[in-house]
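In the two complexes that follow, chain A is the common piece, with chain B as its partner first and chain C second.
Let's look at the complex of A and B:
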């Protein structure tokens, strides 16, 4: 700190890792990792799921202690024994899942921090700090608003302000765009640039290469715990990065043959849903929804998070009551909806929130894969399970869907996210559904698993199945869909053919509040 | 594989037993009794002869039945603690029916008391289940409070409608002979009731119910992740209600067993004698495994019987047995916390409420 020099002299990196190794039993999560993070740069940390990014960042933020190797902060050897130490040293992480208390105001959230004098009221101090930050970075918060009332983007901004308030100089963003709309992402990208320009060091963990190319200066790729490449983003192509991440080119997604769409498999007419399922008079979450998904097509639903996507899925599934509207599934009226009847009528679902609604993590892989099939012949008769048949069926699906697990008896919670998702896929496709509803089906998956999911969706379409694809990722929607319906503020603001779809056109529909009739 | 799964639980149980033995010897030394003499008196009193062994095994039955009820309910994710109340309700209904079954032939009368016990416990548990399913009242609260109600109702019954005509004591008339559950004639003192066959039979039934039936699968799915069950077309409310009612049925049967296979052929208001809560400890000590619970039920029964024997032969206060049981419960919870902490270090576990992790610690998927 004392020998602060001007910018012509090469400064030591803000954070330097040398030979950092972390083992969990026989498994090496990080293998002699070298990493330099400089001030003023945005450094992208890339790698497949399970490549060791998270472990490495947990070491940097003091959650884990490395088994070997050293960490130098501003050229001084450091060792964090607890997360607090890392925070004091100026390293902060914006987690995918925010660490905010929704029932407190934004200012109270900022004031919640390890204080030197616990009895002192930190609010005034924090208010001053947040004003300073607003002045220098333009990051403005709404101090007296409840966090519960803030949007996802605003909460993320608050997380960043919180870290800056605590004096963070190295900021780590873990998949920051996962919950953001394209517009919010652009704002965040600009903010990251600004913070870097002010001399902060920024680490960006992301699966989306477009984002990496949009903001990052340098990159480091991890594979199987070790660094396989590092350099300037300007010097690589997206294909080279993917090759580094997966160790070989992923096969191209098969070009999609145009398919003559068949009869409608799902048709929704005039669906309206209240925001509060127990109170029909609450403001509508969905109103006047008309949609039609035909056999052999993928209908994409674009929209920013919270536009009514969850309510749409829940209303079709029968989890949430509808105020009005008719739904037909596979040619039959689908009234008195329950999840059970949804599946019986030919529906299948890949939900967004896998842990919450798709898997029972304490149960085995085979129990999860056969969760529905188990309850009817041939896997059970007169209420008695045929366990060996169910396990044999699971082993077959494990080969077909490339689910990697020791045995079918492994608890599904022990599998990686990608393998869990493949298990969900196996379950949903093994029913041969007429309609598949897929919500953010590749969220959090690595390149290889993503590719697998996309291929399965395309094959389902080629077999004449219908897919309702709901995603906040515009690129995914545009690449996968035959037609795109845009959902904004609980209404369909337009339906566009994939051939005419551009980001700008859909982005405009996503933000338009006016009510245009759908085609 | 089996060994690796079983080993931690066996170690925990052994550790709990050793620690409890240590605490017991300290108390014995403090009250001036040589631990060696106490051990031999304890053994003599519990398994030393066939009559005492019969008493111990017979006392294990109600404990195991309550434990099985707890296992079914927790697997479905419903942590209720209404077992004392359900034991009382089952025993009271069995008494009310049994007192009028004098004219029936033996097997029918016994069956009538058993079914009445199941019905009484299930109905009492049904209140908890109904409050939970329709009103959203936490089952742990309502069942705890209903225990107090059951105690008062039982006290009123034995002083009112069910009070015997023979004496002014708050107890019922003697049960008709045909309703008393039969005992093995070979055991002196007729201490070994035939209901010990319920030990293996009920444990196996619960294992099969949970692991081999669609119904049990639905229960476990609802308990493992209620939302996922609901989204998969399993109704977790139906499963939860069924699990609470079944557990009440087990507890009610335990109440009938306490009375009709017990030492005294009448019902008094204290007949529950802590079985309801001790049964939970039996299940916890067994890591919620039905088969293993047979063993821990016998351990708990022997603590009870042995405590009485110590008092009779060495003049050790019988509350020692209660102290020991209390120590075992505390130690089991401690062991559960330790095991949970160990498990917490392995990745990919979801945060669970403290009570839940306590209750489910060591739980193995059957």
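Let's look at the complex of A and C:
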């Protein structure tokens, strides 16, 4: 990292933004942002959701045009009218949601590009180029494999190769660790260091301060569209960064008060689920799952994405048929499962996909919040809805759950992600469920909303409720859970008490393929 | 007298060619993510445009050019509505079809009187190849349009599988966001694809009017545009599947033409139908089961039970060979009935559809 100071002195920054401003109507997304990205350094861009990081990066990658300000690339003023221009200039972004075509092979994804002679077949050239990249950076791809068959980590590697193939010198990573296992993150961190050492400029957008401290050289914090701080990572503490990001408004995550767990609320015995719900003979997505969630307990499920988490939730909910296994919910056998019976038996769910599963974005806030309660009295009698009661109930929940919306008649799609999630919580908790299944409940939420969700989960636990918390974020699982079950390749590879849990121990269980009997 | 003779196959090829050409254009368009439901209207406009120019100039070449330009114009309307205005593609397609029907009927009655009938395209025998028995007269003694269609099909297959352009096209229909991020212009690709489909459908329409029949009649495409869309679906968005589907529809159409003339259904039709149903069931099973275990695996599905019952009924008909005559209008419906059956099995093929099919692309959602 010694070249850090040299490069800033000797050479102009690879990318320099001066006074970049972007407005959407009356809203200023970026307010006179100055930013210097140097060669050979990893620059962390921090900020809450809505702080303007994404907008800024969209300006840099040519998706948006700034209203004011100047962008200098290698000390030359530039302006990108199209993403293609930014790519040509050597700026590439690894998006959080990968921009790969799953039905094409890895090589075809690399060959996907505007070409001067589109009727030619460029795949041979691209194959050669990818081999060169493999030789210099060690990033190896499997050229003839379909992207659909590649793991998340492999897809991310392909994204990076794709950008390097296009000659990117400034690489922007948008929350790259979101879907990675700890081991994959370590590999990526090493790769980022290596690319930086080779003279690439790296921008890391992240919520996780541990990652920032692990790899970044410098940081810039955005708040409400403006830069509130920038400097060397070595010179700040984690608390200082958080204060910059949220403006001194953090509350401590509630300490886990010891609670004597009660009787089991959810008990799963010998659950097996086929990967293809229509074909019982397809390879199993889950096999031999034994789990127990007790009252007053948060059971965390750790695991790499795609280890069977979705199948587990869907099988318990009754969306997906189980091959075998018994489930008990709130002390009663829960057979002939349907989602409706799941809710009626005391279950509740915070789904992973907020936009498509948890809410109906075109419908109003009150309709979304009372969606399930509308089926029965007092909100409906003999099939007739009591709309004013439903709306009054929603207004009550809006104050209780701090949902910020103009009125209860606002379409829920117009609320911010945090307020949408609060509305989902309001709906799920208003039934006083015995069991709450929460899948990645703070995904895409900012610090404040995350804090709110965690507090709600803890309060539910303190009231004697049970929580099944499924997350790919190991830190979240360790911080929130009483016990942690590790899911790998459709099996429970171990159950660990939270007090004994460490990242390494759980990481090892997450990647282990052997069948260790669960406790 | 047999009805499945060489002349029967020749007429099947003649029927298949325009459907195949229009379907190829539709496949390219759908691969780019634009479902051109208005194909019927585009084809009809092409048929009229070709006839219009030929009526004025008497030139076949200019006539075909006129048909293609008419198709291109209608393609441009579709592109404007679906890509720029982001109108629902089903709605804009229906509008386009209705516009095609109304506009051509009106212009034909108002301006093109008296109607003229032209000589259809001359058949060209390819030396040596046309002397091969059966295959020769069927494939190598056809008109220029059919040869041109064959060449275009080969070119499209190559373009889809062997060029950067083909990769970009598929990417735009599968994941426009990814294509956009890679710098591939989604709008440009979609425009090109829709215009190409318009061009193909226009030429196919012109073949119907001035190439084959020699005159324009109101609504003369008679649902062939829809058959082409069905062929794309049935063919699983692959060129090979498309060819098979278009051939099945064409054979059905040729059969019904023959049967209209004969009146009483001869025994060989029942034999052919039985063979087809059995073949279809075996193929369906193989695709589902995969490998050699297909016969033993799994319980029969509802469709298979129905198919089995159909086989029994058809076998009985083979043995009895009753003298049944059906009204002509029922025969006319046969290819469409077949298309309906084909679409009924579409559920299993759905996952092959381009993911972004019929979804307008908005960049702000990146």
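Keep in mind that, in the parts below, the second predicted complex is superposed on the first by the 509 of 519 C-alpha atoms of A that agree within 3 Å, B and C clash if a C-alpha of one lies under 4 Å from a C-alpha of the other, contacts with A are read in each partner's own complex, and residues count from 1 in each chain.
The working rule: a contact is a pair of C-beta atoms (placed from the backbone, for glycine too) under 8 Å apart; a residue touches a chain by one contact, two chains touch by 3 or more.
Quick caveat: nothing in here was measured; it's all calculated off a predicted structure.
*Asks:* Classify the contacts of A:99 with the two partner chains as first (chain B alone), second (chain C alone), both, or neither.
*Replies:* Touch partner of A:99: chain C, not chain B.
*Asks:* So in the superposed three-chain picture, is A:203 touching just chain B, just chain C, both, or none of them (first/second/both/neither)?
*Replies:* Neither chain B nor chain C is touched by A:203.
*Asks:* Scan A:87 for contacts with chain B and chain C and give back first, second, both or neither.
*Replies:* Only chain C is touched by A:87; chain B is not.
*Asks:* Scan A:162 for contacts with chain B and chain C and give back first, second, both or neither.
*Replies:* Once the two structures are laid over each other on A, A:162 reaches chain C alone.
*Asks:* Do any residues of chain A touch both chain B and chain C, and if so, which are they?
*Replies:* Touching chain B and chain C on chain A: no residues.
*Asks:* Mind listing the chain A positions that touch chain C in their complex?
*Replies:* 58, 63, 82-84, 87-88, 93, 95, 97-104, 108-109, 111-115, 117-123, 162, 166
*Asks:* So in the complex, the part of chain C that touches chain A is made up of which residues?
*Replies:* So the residues of chain C in touch with chain A come to 159, 162-165, 167-168, 170-171, 174-175, 177-185, 355, 363, 366.
*Asks:* Show which residues of chain A lie in contact with chain B when the two form their complex.
*Replies:* 24, 317, 319, 338-340, 342-343, 349, 351, 355-364, 367, 371-372, 374-375, 380, 383-385, 387, 411, 413-414
*Asks:* Help me check something: in the complex, which residues belonging to chain B touch chain A?
*Replies:* 211-215, 217-218, 220-221, 224-225, 227-234, 347-350, 365
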